[in-house]
Every structure is written in structure tokens, then in C-alpha cells.
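Below is a structure I'd like to ask you about.
Chain lettering (A, B, C and D) follows the sequence in which the chains are written, and residue indices restart at 1 in each chain.
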Amino acid sequence: DPALIFDLGGKFDKSFNEAAFNGAQRWAEETGGTFLEIELQSEAQREQALRRFAESGANPVITTGFAFADPVNAVAGDYPDTKFVNIDGWLPEVPANVQLIGFQEHQGSYLVGMMAAMASETGTVGFIGGMDIPLIRHFGCGYAQGVKAVNPDATVIANMTGTTPAAWNDPVKGSELTKAQISQGADVVYAAAGGTGVGVLQTAADEDILSIGVDSNQNHLHPGKVLTSMLKRVDVAVYETMKSGGDVETGGFTVLGLAEDGVGYAMDDNNASLVTDEMKAAVEEAREKIISGDLEVVAYYANDSCPALDF
Amino acid sequence: MDFLTVIQLLDSTVRLATPLLLACLAGLFSERAGIFDIGLEGKMLAAAFFSAAVAALTGSVWVGLLAGIGASVALSLLHGLASITFRGNQLISGVAINFLAAGLTVLIAQDWFSQGGRTPSLMGGARFEPITLPFADALADVPFLGPVYAELISGHSILVYLAFLTVPVTWWVLFRTRFGLRLRAVGENPAAVDTAGVSVIGLRYAAVVICGVLCGIAGAYLSTALQAGFVKDMSAGRGFIALAALIFAKWRPWHALYATLLFGLFGALETRQDVITAVIGIKVQGQVLGALPYVMTVIILAGFVGKAIPPRAGGQPYVKER
Amino acid sequence: MADIAPAIELKGISKAFGPVQANKDISIRVMPGTIHGIIGENGAGKSTLMSILYGFYKADKGEIFIAGKKTEIPDSQAAISAGIGMVFQHFKLVENFTVLENIILGAEDGGLLRPSLAKARRSLLELEREYGLNVDPDAVIEEIGVGMQQRVEILKALYRRADILILDEPTGVLTPAEADQLFRILGRLREEGKTIILITHKLREIMEATDTVSVMRRGEMTATVKTSETSPAELAELMVGRKVLLRVDKTPATPGNVVLDIRGLKVVDDQGVERVKGIDLQVRAGEIVGIAGVAGNGQSELLEVLGGYADATGDVTLNGQPLDLSGRHSDGRSRRTRGIGHVPEDRQREGLIMDFAAWENTAFGYHRSEAYQSGMLLNNAAIRSDTEGKMQRFDVRPPDPALAAKSFSGGNQQKIVLAREIERNPDLLLVGQPTRGVDIGAIEFIHQQIVALRDQGKAILLVSVELEEILALADRVAVMFDGHIMGERLSAETDEKELGLLMAGVGG
Amino acid sequence: MDVVPKWAEVILVPLISLILAAILSALVILAIGEDPVAAVNLMITGALGSTYGWGYTLYYATNFLFTGLAVSVAFHAGLFNIGGEGQAMLGGLGVALACLLVPWPHWTIALLAATLAAALFGAAWAAIPAYLQARRGSHIVITTIMFNFIAAAVLNYVLVNLMRPAGSMDPATARFPEAVHLPTLHDILGVVGIEFSKSAPANVTFLIAILACVLVWLLLWRTWLGYEIRSYGKSESAAKYAGISPFAITMIAMLISGGLAGMMAINNVMGEAERLVLNAVEGAGFIGIAVALMGRNHPFGVFLAAILFGFLYQGGAELALWTSIPRELIVVIQALIILFTGALDNMVRMPLERLFLMIRRGNA
């Protein structure tokens, strides 16, 4: 059986752990298979869970979150017959039985940034991150580049919710940040903040501005108020990995960008009226260019800074 | 920094201060009666969940509010059982209540709604809506006072007004009524109350229940007024900040208002990097901004507040015979 | 006589605190309009018995009759309703409340404070006029003296219309003048037909004020006699179970060199109030100098400065060497290394750590001395064996070094402190209120120890509010009033009357 | 003089309390539709049934030992140090700097240096609140709470902006060099021929924690400094009479307390993760409060309480691993155990007292 280990946020984090769970769920429903799962409670359980699942014969062992890269690296050597897959992680060298799946979040964020800039009437848009970590800056950086691509004079206001894990579950602060950004003129806000994002989207809807969801399709939360959602198809990654089972390819990086439909923007009935054809065309064009390599969105990781936004 | 920005900043201050204020006054009642309560956080969280959950189920925010208060009071009574009846350690009991609330809320939420420890989004009558005070729109254009009235004073949920009203009421109850006199006495010297023929246990339970009611309102405010539903751990440490505010306020109602407004202001400033940049002239780094409220608190505490003396019998169970 | 029902009758009262039998099958009758004294050693069970009558504790067995009627007293409310008022040994006042607030607490009229306070203010004026109990209704308790605090306690009882008033060691903390006033008030109350129960360790008070007296010993009521038919000596023997010397037995002093020389000492307290206003005083080897004075006239501050825990200005020398009055070398430890021992005025707040075992308290203040160390660690065995010796020599009961200080009676707590300070052989011993609240058996012993130290040629500075004690113990008396020394007298050449005038700031 | 004999006080009261907590927990487990007997079984075998389980139990216990001792030492001085969390975070920074900046030849020297660094950083973080309390009267409860938040911001800044290896997305330091890896219990016990699980993180720090217990005990009850700390904590007025400096004791007690909290980092940072991650302390500072209170602020009590919490953490992990019981249930079980053993203990003690008194009277 495959095993799935959720990061500390817990499997219902309204974010990528939840997406991973949905992917696994879909696989289970379609194949009738079963999978092992655990929600971590502490840092020390990372290795513990990896080893326990490996020892019990689970294969592949899928982990979500960059924090798993290091423990997976440490454990993999002891279980050569088990395959380990980590989503979001990065390692200088990837062991033979480990596969790292990375998403080009900045590309997806770039597209929703473009949409934000086009939907904005004030020329000011907002970004609200959860905990201040590089990954979230990475989201914000792609977003800002997209905004600037459409409107070089646009202002991007970026805020982080906090510096502790509590920043992922503080919708009240998310609301307050949203209001603060609205006071500064923002009329589209992009939330990459887990449970805090619930507050952001809510307040945006209450205050009658547009918001952008993250990770999974959150358009339905406030129909007609959520411009789009930046999709990060963790569910697909997990689904595919589980489907390959023990034969999953390992020993390298899988990069899921726009080309692979690993990231993207969500369109459905809930936001159909908000997205004009013009927007769609522009975004589609940019998408093609990014895929073809004609357009390069700079990743925050490239040199730990962002050309379009100063954190 | 223009006038409107100031108004917005203060508006945000009021919203952020309200849950702190309610929790702080809750703690004030309890601690004035000699029962230390580090379980404010847990009670607020439990109330946030139950008010949102019941509001979602019934569609009525008022029923939800009652349920939130009920849950908070239940935890208060547990605290009372441990620290009043069984003379246990009040700090431990408080710690336990925080854990209990953190665990139970998600467990029950998952059991009831299967939405990953969240409640469904509240809509319509299941939520406290902002209230527009009379003439707010008409007066909005009056210079200075207009915006203050329309933007700052008007447009909050009823619980905000309730919270601010609680300050004078608390003051009045504590210092102008028989109950208040006895309550303060029991926190200073329970033996004096006992020998005066008044039940120490009864008074302390009453205080703890009031604490529960106020924490309940604070929690309901979070999930049904500021937000439209419950998210796990959504109290996010506000109970502890309220506790700090209580010490800051030296256990006095009006000072509690000032202290929580100050914390609210710090919180509001944290969301307005632009204002801070404008005021001090340089752009502050994100993490520095995040630490600012806490650094400011320490500075103010060290510079201006001086020694805070808690109620003398605080934290100790009343034991006559050993 | 026979047809008047007793105001109070207790029948077969028993009370145990866990394994301790505090009261054993106690019966007692108190007639209305009389003052009934109760005496007994520390821990005899006096306070417990009265607390049962007042509903503070619940008796395990026994019956209570008030004015001939069997009455259940499950709590203090019931006692108050039955017309009983009690002034506890340790006052039950809310320190940061005003006098008025303390008085109405629990006896308010209606839910609002203002009318209650106004009404209480009026009644207070009446009570004041009636009994001469003057207090400032708006003073905060922690800012007034113990004498006034006690009047507040009495007013509390009278305000509740008590017909029966219990006073537990009321004079322990009072000055002679305050005590006299108290007894005048008690006299007036008796005249009005009120019944009073008075617990005290002072036989003089029993003899002067009471009509009948009961003696308690180890939880039992051993005797009840008419005061007019007994004598202090008899009472003392009934109480302690042996003959007690009621006078201090000492030879005239032979003063030697000046040990302590104080010149121009001034003390300013935290609030900036000058407490000691430039005093000169000398204490010689082999003499006891007593400081008399009403509490709050600077004596406590003087002791604190000499003990090293309050700052002061002026010149003080010990055996000719100057003593730092502020800074690093002005703390309790430096004083001890210089040979100053100190029995503090408040043994429970200063002299002892109540939660520590007796043996730990034996090291208190001397815990860094060589004798108690072995290498980097404390030599607990040495401290323990030292404690055992001290407990034996000072007759501390029970002689169990492992028992917490709070579990000893007041007298025995005082013996622990005294043993610690005296056996260090200090050149100068500071003693504050050595026998406050201590029973006569222990008083006799404590006085003997202090005199013995003097006879070894040590200098002793004694502060006490008990004039009787000062006169009996000191060789020379200085009277303090308002931060000044009003005068010095040889105790053999003065009397209570002269000292009393000095204490009131008259003469000099 | 005590009514309840010592053995009953020490064994019977906690045991009955634990059973009560277990019964209530079982009811909660039943309520969410799981099998409580199986769950308890799983917890016990998972945490105590193998050297592997013990390895984790002891690892967690080590963390709690340090933070619990930290809270206790301050408590004896009458100071409520809620800042263990922040102090341990800073301790982690000290360990990371010590391990990364200097090429240590051998783990023993590295451990020594890291311990020192951890203690110094932790102590430094406690020093400011201590000073403010001693000199300005600023309430230490607030200042230490504030310093927890400030520590989080500091650590975040350092990890995100300064110490993160280039290219890594993880706000964490690089892995420490091989030379500073601490021997695990597997390595240590292997020397004496005891088979201990290779994969559990309990390491030599556990022994240091036990040593710390002994040292704290010695300090508090066998040195004049400890004597002064305890005296000051019991009665400030008496301490002044005895010539004990309130300022010195407040500072010293808090420095020791902060140092102990900081030393937790040699376990979780150097011993387990071998790098410093943002979330390294994850609440152990707060658990330390519960551990100290439940252990009645005595090092041996702290030891037992820390093991109990270690058991709960590890047993809880096993539950989460092999059942679909959500992790919040474990939080609830923890809460119930803290409640019954720590706060409702008199509910058990009072009837016991009556019982023993009856027996005593019956014999007399």
C-alpha cells in the first residue's frame, strides 16, 4: 500500500495537505485500494513516520512539505527497497529511491497576478502570505511580476501574517490585513495563507472587492467574489504517484509547471462573469510564452530576492 | 499620514481590541476574586467554535452566541471545580483547559461537519452584521467629526458596543455594588469574607461564571462577527495577550480598556507597513514589524508602568483546615 | 443565678484537625453580662474553640446553646445571626479597603454600596460616641496601626449588633495605652449587658478585667474558676502544669565597653517620610538597653537599619569600627559577619521561612557560614545536628528538626529564632518584640535566655511595646517618640507612669 | 503528622488520578466511534513496548526535562517563567552557531561547546525580563510572553535571511557536519552490549538531562545559593532580613532557568534534527510549565512528569500512525491527564485522607 504523511499543518489545512489528501482519496475511490496516512504532531515524528511506514512495507511513501526533504534524505538509505516521494522539497543530491516533486508556483502566481492587475480598477493589488517563509515569498514574487507585466505602474502591497505557525490559522488577522490593504487602495487580494486565507476571502467578499484563492479551487467559497484561484495540483501529483505505486520513477526532480498543468488558474461557473475574454486571452498568451520559454518568470529562490517586490 | 488613515487605523484598533477587552475583563472578574485564569485562551476558542457551529446549525447567531457562552461557562465551571471546590492548582487547571479546548473543538467540528475542523461559512442571520448608527451616513460629510462618527464609531457589530459598555458596567459593579465589594474582598482576603458571613465559594463561583460569560462573548465575536465561521486555533494567542493586558492594567477596568486598545493599536499598526514607513521614514523589515507590538509592550512596561501588584489572595485556594 | 440561662453554653465540643485533637470534649458556661477569660499555652486549643463558636470551624462533636437555646452554627453567618461577634487573633480585614468598607462587608443594606456606606458612616459616629472607639472611616487598613485595626474589628462586631463578643489575644499587638482603652471599652460593653470572652496570655489582664476564667491545656478544659478566688501564680500553674516564675530574675548589670555607638542616625522610608530623625544611642557590653515607645515611632526602622535591611545616614560604630549604612556592605549577611545577631519583630514574616523545616530555619541568615559548608555543598548533616542541639537546649517542642516552622506554636517558633541568634554568640543582639503572642511558660524561658546572654558580657538592644517587659528585662530604657529619643532612664529608677508620659511625647 | 502516608501520596494519588483520566479519555474515544481498549494498548506498546518506542519516549522526555527544570528553578525563586519557549528557540540558535561556525574535531568537544552556547543564549534571553523585573518591577509573566513572540521573529529573520543555505526553500540551517553528530542511545548502550533501536532519536542528551536533574536538585537543596533561591521564593521579607539580595537572586534564578530551557536545544537541534528548523521548539516550553507543576517543582517529580509526557507524545504518535484517530484526540487526552493529575488531585486525595483517618482511628 502507498503511505501519505501530512506536514504539521494537518490534513485539513485548507491548503496543500488537504489537496494531497483529496488526491489520495480519489485514487482510493477509483482503485478500491487503501493507503496509510498520518498527521504529524511534532518535528521528531518526521523520521519516525518515514521509518515506521517503510518498515511496515508501505511503498511508495509520499510526504508533503519542504521540511520533509531533509528527513527523507536521512532515512532513504536505510530502506533501499522503499520509494520515497516528497512534494515541495529540495535537496542538493537526490538519492536513488527518492523523487522530489516541485511546483512552479511562481508561474501560476504570475498568471493570477496578471488577472489581478487587469481586474483592478485602482491599480493597487494586495498579497497576503501566511508565515513568512521563502516558499510564500516565492508565491508573492511570481504574483507581483504578473501584476507588473500588465501594469508597470501598479502597486503591490504584500503582508505576511506572522512569524510563527499560528500565522497559518489566524483568519482574524487575515481580515485585518485585508482591510488594511483595502484602505491603501487594493481592490484585488491574493491570499497564500492556509486557514488565514479563509478570513482574507471572507473580508474581501464582505467589502466587495475581489480575492484570489490558492492551492485548490476556492472560487466556490464566495461565488462571484473570488476572481480565480491559483491551482497547485498536489492532488494530481499524489494521485499519479499512488497510481504508479512501487514503479514510481525516482532519483530526481519532477518539475510541475504550467506545461505539465501542475499549476494554473481556476475557471468555473463561479468566476465566469468576473473574467473577461480579454483577460483570458492575455493570460493564455502569457501561459504559452512561459511554456515555450519566451517568457521567464523569476523564481524567488534564484537569488533569494524578487525583482518586482521588496519583502 | 492623513486623517482618513488615522481613522482607519483606529477603526482597526477597535476591532482588534474588542476580543482582547472582553477576555481581559473576563480575567479581571476571575482574578479579582482570587482565581487566576490562564485558560482565557481555551474558553475563547471553545466559545468561538460552539457559537459558530450552533449558528450554522440553527441559522441564528443569537442562539449561537448563547451556545458559545454556554461552552465557555462550562469550562469555567470545570476551572471552578478544580480550583475552588478541590483547591487544585489554578495554573495547571488553566493549562489543561487550553489543551482541552484546542483538542475538543477540532474533534467535535470534524465529527459534526467533516470539514477538517472548520464550521461551514455563516451567512445571513447566522452572523453578526455591522450596525450603522443613526445619521451615520448623513453626518459623514461633516468635517472631522463626521468621519469619526461614520467611520470609526459607527459600523461595528453589536458585540463591539457591548464590549465597550462592559467597561463602565464592570467598574460600576466592582466599585459601586455590594457584589463588587465582596468580590474584591474575596480576592484580597477570603478569610475576611468568610468571617463576615459570606460564602467564599459562592462568590468565587459567581466570578468564574461571569468570566466564562465574557470569554464566551469574546469567542463568539471572533467567529461570528469578525469572521463567518470557525477555523481551528483561531484564538491565536489572544487569551494570553489579554492576560498580559490585565497585568498591564493592574486589574482595573478602565485601565483594561486602555491596555487592550494599546495592544489593538499595535496590532493595527502591524498591518499598516505604509503608515510605519511614513512615520519613521524607513521601510521596516517584515519580521521586525511582526515583533514590534511585543517590543513596544516591553518598553512601555519597563518605562512607564511600574510594579503591578496582583490581588493578594490570587492563585491560592482558600483553605481553613489542613 | 440558676434561673438565668447562660449566654453561651458549650457541651462536649470536640474537634480534630486530621490527626491533631485540638479540642477534646469541652464544656463551658458563660453567664450574660460577664467577661470570661480563657488562658492556656500556645496550641492549647483556645482559638479553635472560639472559631467553632463563631462558625469558622465545624466541631466534630458537641452542642452549642445560646441564651439557653440549642443553636446550630454551621457558618459565620449563623453566628452573626445568633448575636456573636469575634475579633480574631490574626485580624480578618481586607488590607486595601477602607475602614468603612471593611465594616459593612457582609452586612450591607441592599445591593448598592453608597446607601450602605452612608448608613454605616452614621452608625459609626454613634458607636464612636457611645464607646469612644474613634477611627477614621476613610482610612485604608494597611495604612493604619494595629491598634486602630483592632478597633475596626470591634466596630465590625458592634455594627452587626453582637451581644456576645469574642476577643482572641486582643492585646498582643497593642501598646499599654491602647490596651487600657480596650479594657475601658470592654467594661462599658459589659455594663450594657453584653457578654465577652477574652483570650489572653497576660495574667494581669485576666486578673484585672475578667469575672471568671477557664484554663485550657492540650485541648482540654482543665479548670474554670472565679477570678476573685484565684491568683496569677495559681493560674500559671494550672496552665503550664508546673510552677512558673512570673518575674525576671536577674542581677544588676555590669556594663563594659561601648559596643554599639549610634550618632545622628536618620532613616527615610520608601515614601520619603523621615522615620528616625537623628538619634544618638549607646549600648555597652553586658547591658540590656530597652527601647520603649508606641509602635510606629521609629523603633522598627532602627532595628531594620542595624539589621542591615534598610538604608540610613549617620555614624554608627560597632566595637569602634564603622558600620556601613547603605551600599553593598549594608546587608543582613555583613551584619552577621560583624557579630550582630537579630531576633526580628515579626518572626513569621522575617525571622522564619514558614514552609521550611526547623533545621533549615536554623541556618537562615547563616547559611553561608563555614560551619555549614562541606566543599561546595551545604553540610545538611551538620545543620541538622546543630538544630537538634539547639532544640534541646532551648526546649523547643516538639523537638523535631524535620517539622515545618509553621507547624510550631508561636512560642516555639520564637525559641527557634532565639536559639539561632543567641548561640552564634553575637557581640550585639537586636531583639524585637521577643514575647509577642507567646505563652507565659515560654516567656519565662525566653527572658532567662536573654539575661543569660547579657551575663556573658554581650550587648543587647531590646525593642518592645510591652512596658512591663522592658522594665523587667532592660537595665536602661530609652523612649522613642516621633523618630526622636525622648529620654533615657535606668530602669531601676523609673516606672511605667514616667515612661508612659515620655512615650506620649511629654517631658524629656 | 500527615494523614495520608507518604507511599499513598506519591503512588496512590497519581495512580488513581491517571486511571480517572484514562476512563474519561476512553469515553471520548468511544464517543468518536473508536475502540478505547485497543487504543490504550497501542499507546502502551507503541511507547513502552519496544526499545524503539522507548527511544522516542525518552527523546521527548528529554526536551520536557529541560523546560520543566527551567520552569521549576524560576518557580522556586517565586518567578513564573513562561518564556521557556523563546529561551529554547534562542538556545537552538546558539547550538546552530556553535555547530556550524567551528569545525569541531570530535562530538564530545562539540557537545560541550554547544551546551555552553545553548545555555548562554537561553540565559541571555531570560536576562532581560529578569532585569526588568528586578529593577523596574515589570511583571515577568508579561515580559516573558512578549519575549516568546520576539524570539520567534528573531529566529524567523535569522533563518530566512541569514542562515538558510542558498537554494533551499526550507527556512532551516544547513545540516551540521558529521563530526558533531551525537551518539544515540543505540550507540551508547551498544557499548555495554544492550540492543537498542537504531532509529530512535534519544541520544546522549538524555543523560545530560538526568545530570541536569541531579545538578538542579543539588543546587536547590544542597547549596547555599539554592537555599537563597528557595528562601527568596517563599518570603521576600524574610530573605531581606537574612541578607539575601532580591536583585541577585532574581537574576541568577532566571539565568539558570533560561540556560536550562536553552539547553533543550542540544537534544532537539543537535541530537535529533541536526540542523535548526524554524519550528524546533514546538511548544515544549509550554509543556514544561505543565511538567514542572505536575512534578511539584522537584527534579524527581519533573523527571516522572517528563517521562509521562514523553509517553503521551510517543503513544499519541503511534495512535495517529496506525488508526484513523485524529491527532486532536491526543491533545484531549493530554488535557485530561494534566487536569486530573495536576489540578483535580485533591478530588482523589480528600476521600483517601478520610479513609486513612478512619483506618488510623480504627487502629487507635
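In this section, contacts are C-beta pairs under 8 Å (C-beta built on N, C-alpha and C of every residue); 3 or more make two chains touch, one makes a residue touch a chain.
Since the structure is predicted, the reported quantities are computational estimates derived from the model, not experimental observations.
Undergrad: Can you name the chain that lies farthest from chain A, using the mean of each chain's Cα atoms as its centre?
TA: Computed centres place C farthest from chain A.
Undergrad: Name the chain pair with more contacting C-beta pairs, choosing from B-D and B-C.
TA: B-D
Undergrad: Can you give the whole-Å distance between the Cα centres of chain B and chain D?
TA: 30
Undergrad: Whole-Å distance, chain B centre to chain C centre, using C-alpha means?
TA: 46
Undergrad: As a quick test, compute the distance in whole Å between the mean CA positions of chain A and chain B.
TA: From the centre of chain A to the centre of chain B is 34 Å.
Undergrad: Hey, what residues on chain C touch two or more of the other chains?
TA: 18
Undergrad: Can you list every residue of chain B that touches 2 or more other chains, as numbers and ranges?
TA: 110, 117, 287, 290-291
Undergrad: By the touch rule stated above, which residues of chain A touch at least two different other chains?
TA: As it turns out, chain A has residues touching two or more other chains at 10, 132, 163.
Undergrad: What kind of graph do the touching chains make: line, ring, star, complete, other?
TA: Its topology fits none of the listed shapes; call it other.
Undergrad: Got a list of which chains touch which?
TA: Applying the touch criterion to every chain pair yields A-B, A-D, B-C, B-D, C-D.
Undergrad: Please name which positions on chain D make contact with chain A in the complex.
TA: Spelled out, the residues of chain D in touch with chain A are 56, 59-60, 149, 152-153, 155-157, 160, 164, 166-172, 175, 199-201, 268, 272-273, 275, 277-280, 282, 313, 316-317, 320-321, 324, 326-327, 330.
Undergrad: Could you list, by residue number, the parts of chain A that touch chain B in their complex?
TA: The touching residues are 10-14, 18, 132, 157, 159-160, 162-163, 166, 169-173, 175-177, 179-180, 183-184, 195, 198-199, 202, 221, 310-311.
Undergrad: Using the touch definition from the top, list the residues of chain B that touch chain A in their complex.
TA: By the definition above, chain B touches chain A via 4-5, 8, 12, 15-16, 19, 110, 115-118, 121, 222, 226-229, 231-234, 236-237, 267-268, 271-274, 283, 286-287, 290-291.
Undergrad: So in the complex, the part of chain C that touches chain D is made up of which residues?
TA: Its residues touching chain D are 18-20, 307-309, 331-336, 342, 344, 346, 349-356, 360, 363-365, 367-368, 372-373, 376-378, 380, 403, 407.
Undergrad: Give the list of chain A residues in touch with chain D in this complex.
TA: 8, 10, 36-39, 41-45, 47-49, 51-53, 66-67, 69-70, 78, 88-90, 92, 131-135, 138, 163-165, 301, 304
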